[in-house]
Each structure stands twice: as C-alpha cells, then as structure tokens.
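Here come two complexes built around subunit A, the first alongside subunit B, the second alongside subunit C.
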Partner chain A sequence: MNASTERRQRLASRGVQAAFLIVLIALWYVATTRWRVSPLLLPNPVPVLSDFWEVLTTGEFIDDLRVTLSELAAAFVIAACGGLIVGYLVSRSHYRIRVFEPLFAAVYSVPIILFLPLYVLFFGLGPASKIALGASISFFPIALSTIAGFGYVERMLVIAARSMGASDYQLFRYVLVPAALPIILTGMRIGFTVALLSIIGSETIASLAGLGHRIVHLAEAMEMTRMFAYIIFVVAIAAILNALVSALEARVRRAR
Partner chain B sequence: MTSRTTWTAAALRAWLRRPWLARIGVVVFLLGVWEIAARWLIDPMFISPPSRVFMSLDALLETRGVPAALRVTFWELGIAFVLSVVIGLVIGLPLGLAPFARRSFMPIILLLYGTPQVTILPLFVLYFGIGPASKIAFGVSHGFFPVIVTIVAGVQNIKPILLTSARSMGASRYQILRHIVFPHMIPSFFAGMRLAMTGVLLGVLLAELYVSTAGIGYFTTLFTQSFDPTRLLGLVALLAAMAIVLNEIVRRAEVHFSRWHSE
Partner chain C sequence: MTREIAIRINSVSHRFGETDDARGVRALRDASLEIMRGELVCLIGPSGCGKSTLLSIMGGLMTPTAGDVEVLGRRVVAPMPREIAFVFQENALFPWNTVIENVNLGMVFQGVPRAERETRASRALEAVGLTDFAQHYPAQLSGGMRQRAALARALSLETGMLLMDEPFGALDEQTRMILGEDLSVLLSRTDKTIVFVTHSLGEATFLADRVAVFSARPGSIKELIAIDEPHPRKPEFVTSAKFTAIRNRLYALLHEEIRKTMAETEAPARPDSFKREAHR
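Up next is the complex of A and B:
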C-alpha cells in the first residue's frame, strides 16, 4: 500500500466519522420536529445549543464547576499522596508485596461506589463525602501501579548501580524512579479518571451542589433543554480534563 | 537436641511468615480496630461493630422486601451482563474484521467509552422508568464498550501469517472464522467479559443508588436516613460479597480459557 492510498483511506475514515455525526444530529432534529417525539423526552437541538451558549456566556456554571473541580482536586491529591507513599513502602520488600498486593487488588475489584451511603452517613451531604469517596476509589489504582512500578525494577540495574557506588538517594533518583515512572503515570491517569467519575456520580446520587447535582436538579424540574445543555457542558469538561491529563502524562514521560 | 529445637523455631518462624497468614492477620487487625472504634469511640448512630453486623444478618434478611431487592439486583446484573456481551460481540466482531470500519468507528467508540456516562443517568431513568429496565440499560451502557474494545484488539492481534497461509491453502471465509479467528479471540473475549462485569456492576449499582422504589437503593437510603448503621453495613457487605463472587467467576473463567494461549 503506498502513501497516497493510505492518505485517501484516512480521509475516507474522517468523512465517515463526519457523516455519522451529521446523520445523528439530523435524526435528532427530525425526531423532534417531524416524528413528534415529546420535548420532555428529547428537546429540539436548536434551543439546546442556544441554551448551551447561554450557560457559557452568562457564566452560571461557575459555582457548580468550582465545587466539582475543587472536590476533584482534593480527592486526587489525597489519593495520589496516599497511593504513592503506601505503594512505595509496600514495594520495598518482596514479603510485603506478597502480603498487600492481593489485598489491594481484591478491594479494587469491589465497586466502591456501593459504600456511598456509608460515606454520606459519616461525612454528610456536602463536599466531604465526595472527596472521601473519590480519594478512596482512586487510591487503589495509584497504589497498585506504584507497587508494580517500584517492586519489579530489574535487579540487574539495582546491583549495577550499587556496585558502581550509588548512594541511596542516587539509586532512587536515577534508577528506581525512571524505571517505575511509566507504570505509575498510567496508574495516576486511571486514578484521575475514576476520581472524576465517582465524584460526578456521587454528586448525582446525593449532594447539595456541583455539576452532577445541577443535572439532577434540572431533570427533576423537567427543564430538559437546559439539562441537555448541561450534559453537553459536563461531557466537554470531562473530555478536556482527560485530554489535559493524557497530555501531561506524555510530557512527563518524555522529560524523565 | 539444641539444634533440633532451633530448627523447629526457625520452621515455626518461616511458617508464620507465610504471606497468606499475614494477609489474614491484616484483615483481622482492621476488623479489630473497627470493632473497638465502633464499640467505644464513635457515636453508635453512625457505625456498628462488625460482630453486631454479622449477628444481625439474618434479621436483615427477614426485613420485608430485602431478599426480593437482592434478587432483583442479582437479575439486573445478570441480564445486563449477558446483553453487554452480546451487543459487544455483535458490534465488535465486524469492526475487528473490517479495517476500514474499524478506523472509522473506533475513535468514536473510544471517545464515548471515555466520557462519564453518569452524567446521562437521569435520562436513562426518564426513558426506561424507575424500575429494573433503567438499571439494566445503564449497566449495559457501561458494560458493552470494554467488550467491543477488547474484541477488536483481539481480532487485530491475530498474526497475519495465519490468515495468509489459511487463505493460500484455500480456506473459505467461514473456515477462517471458525478455525482461526474464534480460537484466537478467546483470551481477549474473556478479558472483555471480566471488564464488562466490572462495568455492569458499576452501572447497575449507580442506577440503583440513584433512584429505586423496591431495589437495594431504596433500602440503603432508608437505612441511611433512619440512622441504622447495622442493617446498612450488613446490606452493603452482602452486595460486596455478591460483587466479589461474580467478579471471581469471570476471572476464573478468563484464567481457565486463556491457558492454551499463554505460551
């Protein structure tokens, strides 16, 4: 296959993607105008877009966005610090790895969102319960990947560095960290994604403020147009955050 | 004589240092901390010691509606899981086998997979009602994406030489599917099933907690609002046990059916 056919194929794929999107929006439009789908189930795309624009320009989203983002930041910082420290301490001996890694993996496989009612009972309906839940959910992938990163550094590298007279700090800085970093970064990205998901999820289920709460509030008030606008907004925010984190990860990976 | 006693002491110490023993020790220690904290340190409105939670499990199961709610949740999980796997296969196989379709639609699928579906949870309730249908639909929306992604990856990873040699020996399309594609897909298929189970558990439980009239979400809300931590902890523990058992079944199946491929 030569370069020009490959490029033509890529263009064709892009065309199919664009056509798919256009057909989807056209179907949405026709369904609301011609097929008389109730606007309570599916509002017309035009007012949804104008509402979306209104939400953006008036800045009414700022309060909810601030709540959600600060919960996310607090939860992720707690989870990252805890996960890195615990993971590093566990990874220092094979015995500890064999004791703790299966335990963490077992807890990680339980859907921790189940414990949300307990968190609400302990921490109330405010941001504290969301931070605690998000931190506990994202702790596990970070701790597990830290154990995997530091625990399975090739012995040869460590022995070589030691025999060349590396100090503890030098061993850590120039051997262990570069070897472990890629795995830890993947774990941190996964941790960030699940923290975002669990915070929006817990805001949806039980909360007083935040983007998830706003969507539920609009759904209960049957303001479907505004609710669709907010859904688009939240999906866009999530996509931007995930893209930012991926870009940051790629950057750190290159700079190590 | 002395050497003999030191040998047994060393053996005893080695035996005590076995990882699974230490693991049980950690769990027992945590339960002990919980027991002490719940009995003497924390307000009994908010927490209940594990011994009492365990003792009152049968009282919980006699609470009217709780066994039915657990059964409903179990069925929701089962149906959502089966639907996720079937839908994932029906979409994933053609995508994996047709390079052009894959390049066109995989970016869209990955984009959708990456968005937090919980933002549209209220829509599921609006379209499918507050009964089991919305939970199943929401569970499926979490479960079928990983099946698609792993199936596509599995089909893509089949060595081209196998396909080429089969074709050059005159295998029909059906024969290629039956003897090359399907056997090579099995490990990724089971990996996808495991991820689907994780997703379905998350989706169904999220939807249950969000709104529920007779399911477990109703009872967790009830027990939270009436400050009844004993029954709340009991119910959550039962559900966690259900999740662990379901996860373990799928994981065992994955290990079992991927063995032939591991070398």
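Up next is the complex of A and C:
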C-alpha cells in the first residue's frame, strides 16, 4: 500500500517532467512554423533532430568528444587529488581551518573564468589551458568540502574511538573517513559539474578542438541546424555524466 | 568480594584554561577517592562540579592539572582500553554502522580475532536485550535502546572497569528506571568495578554501593555514603524506608551545594531583596 503510493507518486512526477519537455518542444515547433521566428535564430526541431541523428550515426562527434572528455578527466583528477590532500591537511588544525577556509571560500566566489586569457597565454590554445582552468575551478569546492568533512567530525565519536583504543590509522579509517565521506562526495560532485561547465565554456571562447569549439565553429558558419543538433548532443552528454556521477556517489555512500 | 583497590584518585585538581587566564575555570580541587574492585560508586553533585571531568581523568581521556589516578597500581597517562570501557551520555554510537557493527568495532580496535568477536558481540547484545535489533542503525532506535547498544559495546570489551558518564541522563524517567533495574541485574552477574556519574538521587541510591557527593565548583568529594543492599536490587527497594532515608540524606547534602552553585551563577541577575530571602 505504502510502496505502491510512493511508486505512483514517482510515476506522476516523471509524467509531469515528460509533459514539460513535450510542451517545450511543441512550443519550439509552433514558434518556427506559425510565429515566423527566423530559422537563423531558431531552426525547426524536425531537421535539428534528423541532424542530431546523423551526428550520432556517422560518429563525427568522436574526435571532439574525446578532446572534451579527456580534458575533463585530467582536470577532475588533478582537482580531486589536490583538493583532497590540501583539504585534509588544512582540516588537521583549528588554526589552519581558521586561515584557509575563508580564503578558499573567497577565491571560490571569484569567477576564475576571467583569467582564461592568462591561462591561454601560459598554457596555449590547446587542451592544457582547459585542463588548468577546469582543475583550478573544481579544486575549491572539493577542498572546501574536504575541510568541512574532516574538520567538523562529532568530537564525541573521536573520544569514544580513542577510549576504545583506536590507533591513528583506525581512527582515520573507521571514524574520520565515514564521517566525512558524505560531505566530500557532495563536494566532488559539485567539482565535477563546475569542471565540465568551465571546460566547455572555455572551449567556446578560445580553443582548437572540443565540443564547445565545434558549436562555436558551426555558429560562425551559420549552420544553425547542425549547431542545435550539437547543443542537444552536449546536453545529453552532460545529463549522462551527471547520472553516472550521482549513481557512483550513491554507491560509495552505501559502501562506507 | 576481594577488597583490593581498583582505582585510586590522589588529590586530583583540574583547571580549564591557563592559570593566568581570568576566564579559566577551576573544575576540581583536591579530589581523593579509593574505589574497591567490584564496587559500584556513583558520583553525584551540582552541575559543573567536575564529576564528569574526574571520570574523564580516571579513564585517561584528560590529564589533570595536579594529582594523579592509579588504576590497578599503575598511573593513568592515556586511555587504557584493556582495563577501562566508557559509556557516554549520548551520541557516542557511530551513526553509519549498525548496532552489531558498532559493538564489533570496539573489538576491532583492540585486535580481537573475528570468531571471538562474534561470540562476544552476540553475548553482549543478549545481555542488554538487543539481539533482535543487531541490524538496526542507531537512528532507528529509541534513546533507551541506543544507550543499551552503547552498554553492549562497552560490555563486549570485557574490561574490569566501566566508567559511565550520565548514561541515562537524556532519557525519560520511566526508561531510566527500567534501565537502572536491568543494569543492577546485569552487574550482579559480573564483578566489574563501575563508576557512574549521575544527576539523579534516586538513580544513585538505587544503583550504588557507595555514593560520592561532590561540593560545588571547584568540586571535591564532600561525603561518602555507603548503601548496604545486595545486588540485584529489587524494584521494592525503591519504596522501602531505607531507600527513602538514604535518598533524603543525599538530598540534604546536595541541596546545600546546589544553593551555593545557584547563588554564585545567578546572584548578579537577582534583586537584593530576593537574595536575602533565599538565604534566610
């Protein structure tokens, strides 16, 4: 009874979400056919979808996708290693938390993408500047959440573990890590998202390859239909990555 | 019962904050006490009198400013997990572990082999009546059950001594009463040395072999009262004349000290006339 109500409610909200998308596409269709919006601004969804299908089936996206994903992977690995290590070291002393937590929070609120020209100057137009930018931007949420996770573990739990004879390693493995993990995972998910956003964003501004580069290239060539097809492709990729990361997060959370 | 000294407290004083710090607080002053093996001693006193601090010092979780504590003849400088187990007031269970995992973890810390862990854990859970709740998480249990689980974890460590810091302090009166009765039964079957901090006069009278009454802050032990009644104690003991007499005695001793604490902390906020009234 209870479970079936819950399932019905979930189905109902999925239905509303689907209906929302359908209405959006219908409006798009009506806008291009009835309301005479210029196809240069908004191409008809039917050719866009057939272009999208063509992009998928010919596999022409492969090279750009590979560039963007490898930039993302490199940036995220660097940011995660740096953020976890720095965050943990900061969290080990009250003094360091007092100094670095507000500092990181302040830098995190600066739009680092402003420094893209500098990054391009330092690292060139290729993937290196995207990796450096993505890593710098995603470092902060990961470091901040690691500080919050390890720095504010319930004192009672640490005292209890010590009173039962936990060694430093055991305290870390059985108390600090499980206590900090949920917060750190949230920070890593946010870090992943901002890395993806900043990499695709910087590709649209100054780059040699990648999905963002491809979209701007098509826009400059006035190939609006294909550009929209690529936008749909990038949205789909972002949604898939987000779902993968969320699933991974849920899995690790259960396994702690 | 052997009359060997299990814990000897040698004029322990403790001060929070530096000596030259005006905001520093003297929590304990020259507290001394000898606790015999197999005895249950309750520490009772006004809030802030340092009884929980003394318990932490006895367990090696804190170092006193002056004086020392000996456990089985050895000076305490760090936690002694093989001799002493703690039960805290609340929230000392790991929320991400089930009850059985919580009980196991203490033994993991001490390197107890897996097979032995299993038998000890199930014995401990059975002793506190939580066998059916082994797979529950702390958040799924009532406050009383969580404290039973914490007690099971302490029992599984099979230490000779148990230090309990207001273990039932956050529970309602009825749950507290039942847990007190169960504890008395449980303890009559072991020969553990137990030190139990409480606010409750009834709890102290019901459980203790001796009650140490603390003076107001900085606390020292003002009086020791022996309660000559065999364990396990029956619910009837609570309604006996003996219980009432001891409880009243404790009340009288404590009342004076609580007044002192109140006068010290609340006097500035009170009008003068009221204060004179209170002292008359």
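Quick note on the criterion: the second predicted complex is superposed on the first by the 233 of 256 C-alpha atoms of A that agree within 3 Å, B and C clash if a C-alpha of one lies under 4 Å from a C-alpha of the other, contacts with A are read in each partner's own complex, and residues count from 1 in each chain.
Just so it is clear, a residue touches a chain if its C-beta (ideal position, glycine included) is under 8 Å from a C-beta of that chain, and two chains touch if they have at least 3 such contacts.
All values reported here derive from a predicted model rather than from experimental measurement.
*Asks:* Under the stated touch criterion, which partner chain does A:M164 make contact with: subunit B (first), subunit C (second), both, or neither?
*Replies:* second
*Asks:* Applying the touch criterion given at the start, work out whether A:I215 contacts subunit B, subunit C, both or neither, answering first, second, both or neither.
*Replies:* In the superposed model, A:I215 contacts subunit B only, not subunit C.
*Asks:* Touching A:E154 in the superposition: subunit B (first), subunit C (second), both, neither?
*Replies:* second
*Asks:* Please determine whether it is subunit B or subunit C that touches the greater number of subunit A residues.
*Replies:* B
*Asks:* Considering only the touch criterion stated at the top, classify A:I62 as touching first (subunit B), second (subunit C), both, or neither.
*Replies:* Neither partner.
*Asks:* Which residues of subunit C touch subunit A once you look at their complex with the stated criterion?
*Replies:* That would be residues 59, 61, 79, 81-82, 84-86, 88, 91-92, 94, 96-97, 105-106, 108-110, 153, 157 of subunit C.
*Asks:* Within their complex, state which residues of subunit A touch subunit B.
*Replies:* Touching subunit B: residues 9-10, 12-13, 16-17, 20, 40-41, 95, 98-100, 102-103, 106, 109-111, 113-118, 120-122, 193, 196-197, 200-201, 204-205, 211-212, 215-216, 219, 227, 231, 234-235, 238-239, 242 of subunit A.
*Asks:* Subunit A touches which residues of subunit B in the complex?
*Replies:* Residues in contact with subunit A: 17, 19, 22-23, 26-27, 46-47, 100, 103-105, 107-108, 111, 114-116, 118-123, 125-127, 198, 201-202, 205-206, 209-210, 220-221, 223-224, 227, 229, 232-233, 236, 239-240, 243-244, 247.
*Asks:* Using the touch rule from the top, collect the residues of subunit A that touch subunit C in their complex.
*Replies:* 154, 156-157, 159-167, 170, 174-175, 178-179, 256
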